[in-house]
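These are the structures, in structure tokens.
Both complexes shown next keep subunit A, but they swap its partner, so subunit B is in the first and subunit C is in the second.
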Partner chain A sequence: MNDDGLDPLIHVPTRLKIVATLAALPDGDTLSFTRLQDMLGLTPGNLIIQLRKLEEADYISSEKTRNGSAQKTTVTLTRCGRKALGAYTQALRDLLGGL
Partner chain B sequence: MSTSALDPQIHDPERLRVVATLAALPDGDALALTRLQDMLGLTPGNLITRLRELDHAGYVRTEKTGGDRAQAIVTLTCDGRAALDHYAAVLRRLPRVTREDHQVPAPYVRVGDADRDAAAAALGEHFAQGRLTLDELDARLDATLTATTHGELSQAAWDEPDLTAQVARVSPGQTPVARTDSE
Partner chain C sequence: MNHTSDTTATGNGGAFGPEQAAALLDQTTQQAHRKFQPSPPWLLVTRAVMVLAALGAIWLSVRGQHPYRGPTAADIPVLVAFIVVNFAATVAVRRHATAGVSGRSRFSQGEITVLVLAFAAAVVAMAGLRAAGVDFATYPTSVLVVPGLAWTVLMAARANWRGLATGLAIVVIGIVGAFAGPAGAWAVAAAGLCVMLLGSATAIAWQQRA
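Up next, the complex of A and B:
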């Protein structure tokens, strides 16, 4: 994290959207990969890359389930990710003051 | 630039700090370059580069004052202020972020007039919608307006749904998340 507190992992617009969307779910709820992709209008490749970065930082976790021949990936925000987003929004709020 | 995108000129963390700092000044006020540098803790080279980028976007203006103690001063332009407002609006439209924002205060936390007024207004709305009789409204308004803690206040309105609670969930303009996925 840099010294002005804007976590660079979250600050990238695409990742900010992913994290904010997952954070809007009730704690522990998951979202499927395709649904997340629809909501954010991202290409699969872009979403995969961003999710991998967030997963490496332990901000999200993903799970693959196999249902017959169909494979489904679900994504959820970790406690650590939620905390990081909280710190990020606080830093942003401090920066922007009343805006 | 699309209306829902975060302006990349402002989104850069250092430029964001420059713009936010200048925006905190009254409209039209300028800040000396050296003062801005102190406030932000940036190196002169770094600050000058950020200012040049922002100047290029038309968001800030750097001028030199004349006289024997010449110094560079920096102002936010109208475009810069509008861009920052727009940026903040885009941020606000992101899905509701932390639920800490909405956390109910602990029951022992004392309430102020604004809390009591909001609770009383909510009761009025419930009455208007036929969920409370006039007698119930009277009794609850009494309890609400004399409540001293959040515990007492929530007791006064204990079984009423919070009319505002459902609005801000999930994302704007999206279908609910609960929909089954067709994978």
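Up next, the complex of A and C:
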């Protein structure tokens, strides 16, 4: 945690946007890498780096599936990631006195 | 709406303050909800206006019929056009919203089959009852009851309370229509479905702003 109680893994604009976007889906739903990239306007390289950091912390999980020659990657927010975003939002509320 | 650029970040959170984070979180969440919404408020409002115009026009043409003979030949293309445009727009918007999404928020093949069968069963049952001389089988609202019930059950199974309310509203419109007479049922369908769609649009817009 930062001094202000904010999770440093989420408290980066790009990762905050990734987590918030995935949290807008119902629990357990997955989103394709390409749709997430399209929604956030990130380069594939940047998105991969940020997703890897979130996956290492078990905030998201990803799955690669192969359909013929095409490979599809899907990502989902884990229960741990949803809980972390909830705690982050609460920390923001506490800091700002209401979001 | 506030906009917070990525350029404010240093990568380790150094220049990214809580106010900016709150604004970005709020903005991203609202945008995501809008983009993932398979029934956006603008579509529901458009459908509400269309249903009021199409079914209202039919009611105006049949309300003076004594005895009731049903929609005229000129009304049928209006009704068919309404159904085709409505169906095409709904499918296109839903497909766009759920692109890349998989999981529970998408209908399963079984659920789609149940809905199609419910609608087909309603149409077949109404045709059978009409042939048997049952009055309310000729009412446009009667055909809504079975699919409305199927939708209600499906939404209850998914714990989707807004969807469940929509299903119940459709069932109520179907039942109320049965008491309105054959011509009056068109007015009940027009007004009832319009109000139901506007209600859904309001609820979704409210949810997206929250």
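Heads up, the rule we're going with is that the second predicted complex is superposed on the first by the 96 of 99 C-alpha atoms of A that agree within 3 Å, B and C clash if a C-alpha of one lies under 4 Å from a C-alpha of the other, contacts with A are read in each partner's own complex, and residues count from 1 in each chain.
Here, contacts are C-beta pairs under 8 Å (C-beta built on N, C-alpha and C of every residue); 3 or more make two chains touch, one makes a residue touch a chain.
This one's a predicted model, so the numbers in the text were calculated from it and none came from an experiment.
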item: Subunit A as common anchor, with subunit B and subunit C clashing or fitting; value: clash
item: Which superposed partner A:A70 touches (first subunit B, second subunit C, both, neither); value: first
item: Partner chain(s) touched by A:R79 [first = subunit B, second = subunit C, both, neither]; value: neither
item: Partner chain in contact with A:T89 - subunit B first, subunit C second, else both or neither; value: both
item: Which of subunit B and subunit C A:L16 touches, first, second, both or neither; value: both
item: Which superposed partner A:R52 touches (first subunit B, second subunit C, both, neither); value: neither
item: Touching partner for A:G97 - first (subunit B), second (subunit C), both, neither; value: first
item: Subunit C clash site on subunit B (candidates 23-31, 113-121, 149-157 or 167-175); value: 167-175
item: Touching both subunit B and subunit C, residues of subunit A; value: 2, 4, 6, 8, 11, 13, 16-17, 20-21, 23-25, 29, 31-32, 34-35, 39, 89, 92, 95-96, 99
item: Subunit A residues within the subunit B interface of the complex; value: 2-4, 6, 8, 11, 13, 16-17, 20-21, 23-25, 27, 29, 31-32, 34-35, 39, 70, 72, 82, 85-86, 89, 92, 95-97, 99
item: Subunit A to subunit C touching residues, read off their complex; value: 2, 4, 6, 8, 11-14, 16-17, 20-21, 23-26, 28-32, 34-36, 39, 74, 76, 89, 92, 95-96, 99
item: Of all residues in subunit C, those that touch subunit A in their complex; value: 4-6, 8-9, 11-13, 16, 18-22, 24-26, 28-29, 31-33, 35-36, 99-105
item: Partner subunit A, residues of subunit B touching it in the complex; value: 5-6, 8, 11, 13, 16-17, 20, 23-24, 41, 84-85, 88, 91, 94-100, 169-171, 174, 177, 179, 181, 183
